[in-house]
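These notes concern the structure reproduced below.
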Amino acid sequence: MGDNGTLWLPERASTMAGEVDALFYFIYWVSVIFFIGVTGTMVYFSYKYRRRSEADRPAPIRENKLVEASWIVIPTILVSLVFTWGFKTFIKLSVAPPNSYEITVRAQKWAWQFEYPNGATSNELHVPVSRPVKLRMSSVDVLHSFFVPEFRVKHDVVPNRYTTVWFEATRQDTFQVMCTEYCGTLHSSMLAYVIVQSQDEFNQWLAESLLDESATPAERGALLYQQQACNGCHSLDGTVVIGPSFQGLFGTPRTFEDGATATADANYIRESILEPSAKIVQGFAPVMPAAYSGLSEEELSALIAFIQEQQ
Amino acid sequence: MANTTAAEAHAHHPPHLQHHFVTSEQQFDAAKQGMWLFLITEILLFSGMFVAYTVYRVWHPEVFAQASELLDWRLGMLNTIVLLTSSLTVALSIHFAQQDKQRQMLICLVLTILCAGLFMFVKYIEYTGKFSHGIFPGAGYAPHGDYASYDIAYAPLFFSIYFVMTGIHGFHVLIGMGIFIWLITRVARGHFSSAYYTPVELTGLFWHLVDIIWIFLFPLLYLI
Amino acid sequence: MESATQPVGAAPQAAEAPPSGTHNYLTHERGLWSWLTTIDHKRIGILYAISLATFFLVGGVLAMLVRMELLTPGETIMGADAYNQSFTLHAVVMVFLFLIPGIPAVLGNFILPIHIGAKDVAFPRLNLASWYIFMIGATFAIGSVLVGGIDTGWTFYTPYSSQGSNAVLFMTTAVFIAGFAGIFTGINFIVTVHKMRAPGMTWNRLPLFVWAIYSTAIVQVLATPVIGITMVLLFLEKFMQIGIFDPALGGDPVLFQHFFWFYSHPAVYIMILPAMGIISELMGTFSRQKVSGYTFIALSSVAIAFLGFLVWGHHMFVAGQSPISSIIFSMLTFLIGIPTGIKVFNWVTTMYRGSVWLQTPMLYALMFLFLFTIGGLTGIMVGVLAVDVHLHDTYFIVAHFHYVMMGGTVIALIGGLHYWWPKITGKMYNERAGKIAAALVFVGFNLTFFTQFILGSRGMPRRYYDYADLLDRHPEFLGLHQASTVGSWILALGLFLILFYMLWSLFKGKQAPQNPWGALTLEWTHTTTPPSPHNFDRTPLVTRGPYDFYLADDVFGPRHTGDGAGDGAAQEGA
């Protein structure tokens, strides 16, 4: 790991990064030239025409139409050039190649979930190298935004509709997905890993991510705990992240906001997953998303078994 | 006038002329220009809502067309006529002010208020009619009885827009009524004449705007 | 426009050089009540100055807290919720309670009527009402903090804002009310410029500051109602769930963004146009030269005012609007760069063969050119579609807008404050302290914000409470954040120094002469220092342009033949 970028930009890890960077540097250097021109002239004139006496009254300068015209025409040409170039690259960034590998992305406060064509889900984005990948993204609650700096891609993730982003990774490495649309308390923790692998390793990972039939329910629950991003809010070691820790949770009495109590048995856990706002434990905020109603009976049992195991 | 001193100017000016103005005409023109600019801001304020209406109408045309059936176009037409009449009466009151006919000016202003009041009364009938059938803006939308068939997706959006647009418009009618009452007290005390009737003129302009906005609201909400 | 070879017109009355007023607008009436009920545009400008300075201080302290938190990874001085509320409130206070009223409310109120030769604005009572309305709006903003605060960012994007705490209701009310203050001020200024110019004050002789404030007023009148209705709709969305912006209720969150930015983009022109007006005045006076390209600068202000309404979608390139919309918005965004560039180039050439006097106001004008050029050029960079995909919502954007809003508007405001301080207060500030503070501000500003360009283009998102988890892949973020925080301390030091020596000058400053800078606009040539309550004893008769230094023998005395071309013929430009 580590970054081999330049002063201004992170390393390039996608096929489009080079084009975006070329455009960036072109504008950057043109800007530097203009900046030096303006400030250099300014400093020079401040010195050369500094006031010698209080009574100085220089004669007015007649306007030079050629100079006026040139600093309208030249910038217009430059911005037209830059606009056209930017627009062409933008079209390429917006339209995924036809044979892209599609992965569905679900964003929620404050975790990412990725669903693969074979049904596997994970909180990590695994992609095969040198293959265009298209992400179909949607939010379950508020606006989020998907950003991987090394790929030079970004797009907002909106509730109730799909937005897309595509990239073709060029290096096998691990990168970070960052949420770039403010979404609440843990906005800055809403990160995920993009793991670029060879096609073989990717296929292997994909197969392993499907729930293994021979695993015990608790083992499957452990996998789900990560894939469904429960680990974003519930720890296993007693620390309170956003929600209660699972350590020693099962079987203990719980007191709720309205004073009522209940024991954290299997029914309680099940209800908490399917209807998170039904009972809120005192001292916690009602922020668990109602995004898990789609879990199958098997998956629910697995999670309950897993939680039960946490001492 | 250019080089008169402050003292000289003070000796000659009529009571309504403020110190920073040179002539009554300048002051009157400035006041009208200021009012027109304010009316432009009101148009922009309402145009935001018109944009929202247009966007959602384009996205859900059938629902909007169906939901608008619940608005009684006859009551809407009545209100349109009422407001147009009130614009006439306020224009007349200005005309009478210009002719120093105090009594007629007063009568026309009173008629304007009565029209405005009638408008608000009709709106009250419309609103309570909706409420009684469970049609509320926003989360309270729960049509029942005869209207149960309107419990469809995006219909609440139509009614929310209806309530917000006519509600803000009605709020402006109420404000107008308040201003007219204030004007009437000043007319009764003889503050206005052909030399100075600026507040009547400005209020009349405001009232015409309130009328024009309704002219757009009515067909969009009631007729299509 | 007059050519330099025409004979000088009838000398205006200023040859009488009225004595420095002991009876002036400050001494005319005394006591708090006289201030709170004043309808004198000059006093109202001071009321705004005090309120805005207070809000700037509040916003600035919040900024310091935000930067302090980012000094180290993990929690430094506050938790995530407090941080998120801090950056939100910092922006809301700075944008709505400082930058938007900003220069028009303070310097526009004080100077504009005098610039055109009027005794006051067209509607003085409305002017006072504007200030009260503004303060009521500000009270609601403070109220929102007291009921728990908001953390939505100053952009209030839905559905987060319509689902969050009730403090949003207070804040939307605050913005709505404060907006009216801006609308009334805008109406006042437009009618004043149309109706109350002194005889001889043609449009071509208006100081460029007036052109700037006038263009700003147009934007204020046309744009502010849109944020008004946006706030009303957001309020109703939160309060009654009308469903217009919330997808769960059938609404569209991107529609909110269109509504919001339709105002908020022109709003940034409300912030920068007056600043540009100040720079024109400073460049003219402190180069003692006609401002180059007067017509271009004047008309470009109006052009920017109108073009500014067409580019709002450049805030939404990756928000989910169609690529076609994005393309059109990008193209229009570049168009605005052209009139802006015209101004910058003309300001620089104003110094050509001028007589440049590096007093503190001029130092700020030059600082503006330096900082605003960076801000403007980076604006072009993010206007480029493909590049904005990478840079949007990162610290690059934060740096860009601080360079234009603070490096532009605030620096120009400080320059203008120094320039008009003698006229407003009758005192001179300490010039050496001015230069030292300017240096601190310049160094501090660049250290704070240039580092943020690099942070952003390397991938650091904005509105992030913590970057600890990013350090693995991006270890450079730590050093850059720390440098930026240290920069903020230097910047704050410079700003506090300004506050200190300006207040000091009120008590211990030297008495100011009537026209310390040798400027030609009416406030310097025709009013006492400080001005009398009605500005002018006699209505001025204007016979020359505001930068016709070469013709102003009445102010400078007869010209010596040693001064360049002795026969008065204009010199050729380069």
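Letters A, B and C mark the chains as written, and numbering starts fresh at 1 in each.
In this section, contacts are C-beta pairs under 8 Å (C-beta built on N, C-alpha and C of every residue); 3 or more make two chains touch, one makes a residue touch a chain.
Everything numeric in this text was worked out from a predicted model, so none of it was measured.
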> More contacting C-beta pairs: B-C or A-C?
Replying inline: A-C
> By CA centroid distance, what chain is farthest from chain B?
Replying inline: A
> What whole-number Å value describes the gap between the mean CA coordinates of chain A and chain B?
Replying inline: 49
>> Using mean CA coordinates as chain centres, what's the gap between chain B and chain C in Å?
In response: 35
> Given the complex with chain B, which residues does chain C contribute to the contact?
Replying inline: 13, 118-124, 126, 183, 186-188, 190-191, 194-196, 198-199, 221-222, 224-226, 228-230, 232-233, 236, 240-244, 249-252, 255, 259, 534, 537-539, 541
>> Could you list, by residue number, the parts of chain A that touch chain C in their complex?
In response: 1-3, 5, 7-10, 19-20, 23-24, 27-28, 31, 34-35, 38-39, 41-42, 45-46, 49-52, 54-64, 67-68, 71-72, 75-76, 79-80, 82-83, 85-87, 89-91, 93-94, 141-143, 145, 147, 149-150, 152-156, 158-161, 163, 175-176, 178-189, 191
> In their shared complex, at which residues does chain B touch chain C?
Replying inline: 1-6, 18-22, 26, 29-31, 33-34, 37-38, 40-42, 44-49, 51-52, 55-56, 137-140, 153-154, 156-157, 160-161, 163-164, 168
> Where on chain C is chain A touching in the complex?
Replying inline: 4, 80-81, 84, 151-153, 157, 159-160, 163, 247-248, 253-254, 287-290, 292-293, 296, 318-320, 323, 326-327, 330-331, 334-335, 337-338, 341-342, 344-345, 348-349, 351-358, 366, 369-370, 373-374, 377-378, 380-381, 384-387, 389-390, 392-394, 454, 457-459, 461-467, 469-470, 472-476, 518, 548-550, 556-557, 559-560, 563-565, 568-574
